[in-house]
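Each of the next two complexes has chain A plus one more chain, namely chain B in the first and chain C in the second.
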Partner chain A sequence: MMRFSTLVRQPAAWMLPEGPHADIVISTRIRLARNLADRPFPGWAKKEERIASLNDLQPGVEGLADMADGFSADLTKLDPLQKQVLVERHLISREQAAKGPGSAAVINRAQNLSIMINEEDHLRMQAILPGFDLGRAYQMLDAVDTRLEATLPFAYHNEFGYLTACPTNLGTGLRASAMMHLPGLVLSEQINQVIHSANRIGLAVRGIYGEGTEALAHLFQVSNQNTLGEPEPEIISRLEKVIRQIIQREHDARQKLLQTNPTKVRDHLGRAYGVLRHAHTIETKEALNFLSMLRLGQDLALLNPGNRLLIDHLLVEIQPAHLQLAAKRKLSPEDRDTLRAELLRLHLRHLPEPESTPPTPPGETES
Partner chain B sequence: MMRFSTLVRQPAAWMLPEGPHADIVISTRIRLARNLADRPFPGWAKKEERIASLNDLQPGVEGLADMADGFSADLTKLDPLQKQVLVERHLISREQAAKGPGSAAVINRAQNLSIMINEEDHLRMQAILPGFDLGRAYQMLDAVDTRLEATLPFAYHNEFGYLTACPTNLGTGLRASAMMHLPGLVLSEQINQVIHSANRIGLAVRGIYGEGTEALAHLFQVSNQNTLGEPEPEIISRLEKVIRQIIQREHDARQKLLQTNPTKVRDHLGRAYGVLRHAHTIETKEALNFLSMLRLGQDLALLNPGNRLLIDHLLVEIQPAHLQLAAKRKLSPEDRDTLRAELLRLHLRHLPEPESTPPTPPGETES
Partner chain C sequence: MLCDVCQTKEANVFFTQIVSGQVQKVNLCEECSKQKGVTDPTGFALAELLLGMGTTEEKPETKGPTGTTCPACGFSQSEFKRIGRLGCPRCYDTFKSEVETVLGNLHKGTRHTGKVPAHAADAARGNRLESLRHQLAKAVHEEKFEEAVRLRDEINSLSALPAPAAPSPPPPAAPDQTAPRP
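Up next, the complex of A and B:
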């Protein structure tokens, strides 16, 4: 299998600036929860029982064709920093990182498929792709699910569907989500309304880092709340429709901002660029927010878009565990802030300055 | 005489980065208050009496050799913006700008000598020079005083000395001051102690813009409080001694900051540079503070010092009246903030970026 150092040398697939609507949708994720019929759920299993479940599951998961040359490790074999790196890449959950003996993570080479063993459920499987690609993500994961189900006795109830440790996952065990970059809706103060509307039709909108309007980097996860009473394709198609609407609203908000308050947009962008290029100490929160502004600047053609890849990488690379991995040692928060600033200065030094004069607004011709 | 437009086209003498200790002392000012013996003080004179005093005084003041080809205007002949420009250049006081008929300002060509007629006293004369130059400023002003006294009957009491409208100016009528740039003492949190010590020996230390530790741009005016009971040279020599001590403390504070916390200094400088180079809207307060950091960066050789002239000019040019003068019209606060940012981007675009690696601290040799 693949070594941890090999895995982290490459970005996860979703960190690449690819896929449909990559300007607004950073990544799409499908997750399925499955449990063995003949083993207690991990939360109330004894250590020996968890290890027994792991032994039942790990060979089949590692043996999947998708996992060839992938990464696999018992959580006890990873140090806290390594686990935190996987969390920052969204390849394992924060909860899984805290688990002891009997838990494991299996990740494919492209880092777009990851399977946690003995998290809250016996199996938490996810496909995570760059851009807005719910259909393909579901297809990938459904194929994995089918292959595993051929050999593993999954707990299934004729009326309720798949049984899960927490009733909120009962039925399909499916959670579909998109990580969306919504600076337009935040800056134009429409985000609360969008969150509220989505909630009313059973969808959740949460800040990826931080909550509500305090969400850092203007990044939000939009996901389904219900897993029961609807077939999987219907859950996905309803979510897809709403995300398309949010994409459109975000597009409109950006164009409107640029037309009605270009100075505000250019000021936010300029200050973000200026500070990221020249600060000597910077906290994660500030760096995320400023990188988000550069991303917006690129989308609005106010900033050279050549380096989209760089910005999306940096959003992950400046986080605490990735920083310490790069430094090859544990760092104090102060040292992290200094190293983060250094990394940003180094990587952004060749990023061309924002345009100083406004571009022609769409629909108008130059005179 | 000189036109207003000619006057403002040139910087005032004190805005030039010249004179002794120009890195820490921006300007030195000596002011004398004098009154006619046979006219009521301006504050309780009727309009006709103020005009009569003005008629007594103006020809003599305009006729001084120092004022040849200078600027002279009744305050009623200047519009509010023009008066505000003179205030921002420290050539007339805020109080004088608010005066009506019977008040005038006479300013020499180099803008290092200005005489206000009918401010609080009949005559408020000042010499203002770049750098730390109390002796020369006093010499200049003393000569003017002597020449005027030869023809004008100044109110003088054998015991008290020169009589003034406010008793705090009684005696010599002399106020000597230095405008000092003290970022080292502010950032190392020593400024309050310096202010306190100076107060105890009868000197005042005040923020030029804003008060106390809230002083903007780290600019402070150090001046004598007492005008009575001491000959002029003694007042000046005592002030001079204290200012020399403050200069030394500021030097020490800067070096210590750079040695003990170079990251903090470089971070402040980098952020100031980044924002000034790239903001699209900026308030006076923020701009002053950031320009102050650039000035410090130049003194510490962290920033190319070639453009010292530019920074010192900008400290005045970004102020509201100067901005509106440049725009040739009255501007809303929002428009001023936009224009200020534009002016800063334009002027600082060729200022080389701050060094990214620390210079060798003084006293150490490179290995």
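Up next, the complex of A and C:
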């Protein structure tokens, strides 16, 4: 099996600037919840019962062909920092990181498939791919599920479908989501409207980091909330349709901003560039928001192309646990801010200055 | 705005969900959101949070179970009301009516229409075949021959599906031999 140090040296698959619509959809994720038929759910099980479920599940999960040369660890064998790194990479949930004996995480080598054992359900399996690729992520995870159910007796009810600890996940146990970068909709103040209309048809939109609509780095997760009463392909296609609309609105908002207020856009970008290239101490929040602006500048061709990989990496690498891990020593929050600024200066040192003029037709160019 | 859970710290994590026309809002402080494990707000029970409850690790200290108790795991109806989750798969039968009352507000429907695991699909097919064979025998007996032919064809096409992976009892002797050809 892969060592933790090997895992963190490689970026997770979703961090690569690949996949359809990778400019706006950073990653897509499919999650399936499954439970053993004859064991109590993890939240109600006693410690010995949780360990018994783990023993039932772990060999089958580790034995999946997809998991060959992958990473597998009992949560008790990981230190808090290692767990936090996996959380920052979206490979385990924060809830799972807090679990004690009887919980484990199994992650494939490419880090696009991760299976949590004894989270809220016995199995929380997820496929996470770069870009807007829900169909492929579902196919991938569906195949894993089918292979597992050949040997594991999953709890299934003729009326309610797959049984889960919480009725919110009942039926398909399916949560499909996309992580979207929406600076255009935030800057043009259309984001609330988008969130509201998504909510109205039963989809959830929330900030990935930070709070509500003030989402840090302008990153939002769009996901389904209903899991029962519709077949999986319908749940996914409804979400896809909405995501496609949001992509379109984000594109429109960006173009409109460039046309109506190029100075505002260039000012945001210029400030971001200046701070990230020259700061000597910077908090996560500020760094995330400025990196988001660089990402936007790149997509609007105001910044040299070909830097999305770097920017998307930095969005993860500047987070506390990743920084702490790289430092190989205990850091105070102040140390972290200094180190974060150092890391940013180092990685962005060759990034050319943003275009000083907006890409408007000749004749309209500002002098 | 104060956190809905601790009522002391400033809330900075907000969720608004509108499901089936009902608005549900939750405001949490950073600490409570972490404590509740709110990494996937769509996946946790809002009701649980709003009620100021939460159990993730150990069994909660309750004042003793009230109402029905699940024979398989000992989970009680009052605990379901309190935390919005269930104790084990069998609880879904034990507390079926309680579950059904919340499902309408949570989902598009109350019946699963998606993927069926192979073992359940085989069982469902077995049940269907058995029922068709009964209907066929009845149709023959009542000399409804057109219906008998339709039933026989359906039985044949169902039987022609790949054999179940799991061991299953041998199929009863096919009564369709007796179905007369029109």
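Descriptive notes on the structure:
Going forward, the second predicted complex is superposed on the first by the 360 of 367 C-alpha atoms of A that agree within 3 Å, B and C clash if a C-alpha of one lies under 4 Å from a C-alpha of the other, contacts with A are read in each partner's own complex, and residues count from 1 in each chain.
Here, a residue touches a chain if its C-beta (ideal position, glycine included) is under 8 Å from a C-beta of that chain, and two chains touch if they have at least 3 such contacts.
Keep in mind the model is a prediction, meaning the values are calculated, not measured.
After overlaying the two complexes on the shared chain, residue contacts for A:71 are found with neither chain B nor chain C. When the shared chain is aligned, no partner comes close enough to touch A:290: not chain B, not chain C.
Touch criterion met: A:338 reaches chain B, while chain C stays clear of it. Shared-chain residue A:132: touches no atom of chain B or chain C. With both complexes superposed, C is the one of chain B and chain C in contact with more chain A residues.
In the overlay built on the shared chain, the residue A:14 is in contact with neither chain B nor chain C.
Of the two partner chains placed by superposition, A:220 touches none, neither chain B nor chain C.
Touched by chain B in one complex and by chain C in the other is not one residue of chain A. Listing the residues of chain B that touch chain A in their complex gives 263-264, 266-267, 270-271, 273-281, 338, 341, 345, 353-354, 356. The touching residues of chain A, when paired with chain C in their complex, are 31, 35-41, 43-44, 46, 87, 93-95, 98-100, 120, 142, 145-146, 149-150, 153-163, 165-172, 174-175, 177, 195-196, 199-200, 202, 204, 206, 210-212, 223-232, 235.
Those residues of chain C lying in contact with chain A across their complex are 12-20, 34, 37-45, 55-57, 59, 72-73, 75, 84-89, 92-93, 99, 102-103, 106-120, 124, 165.
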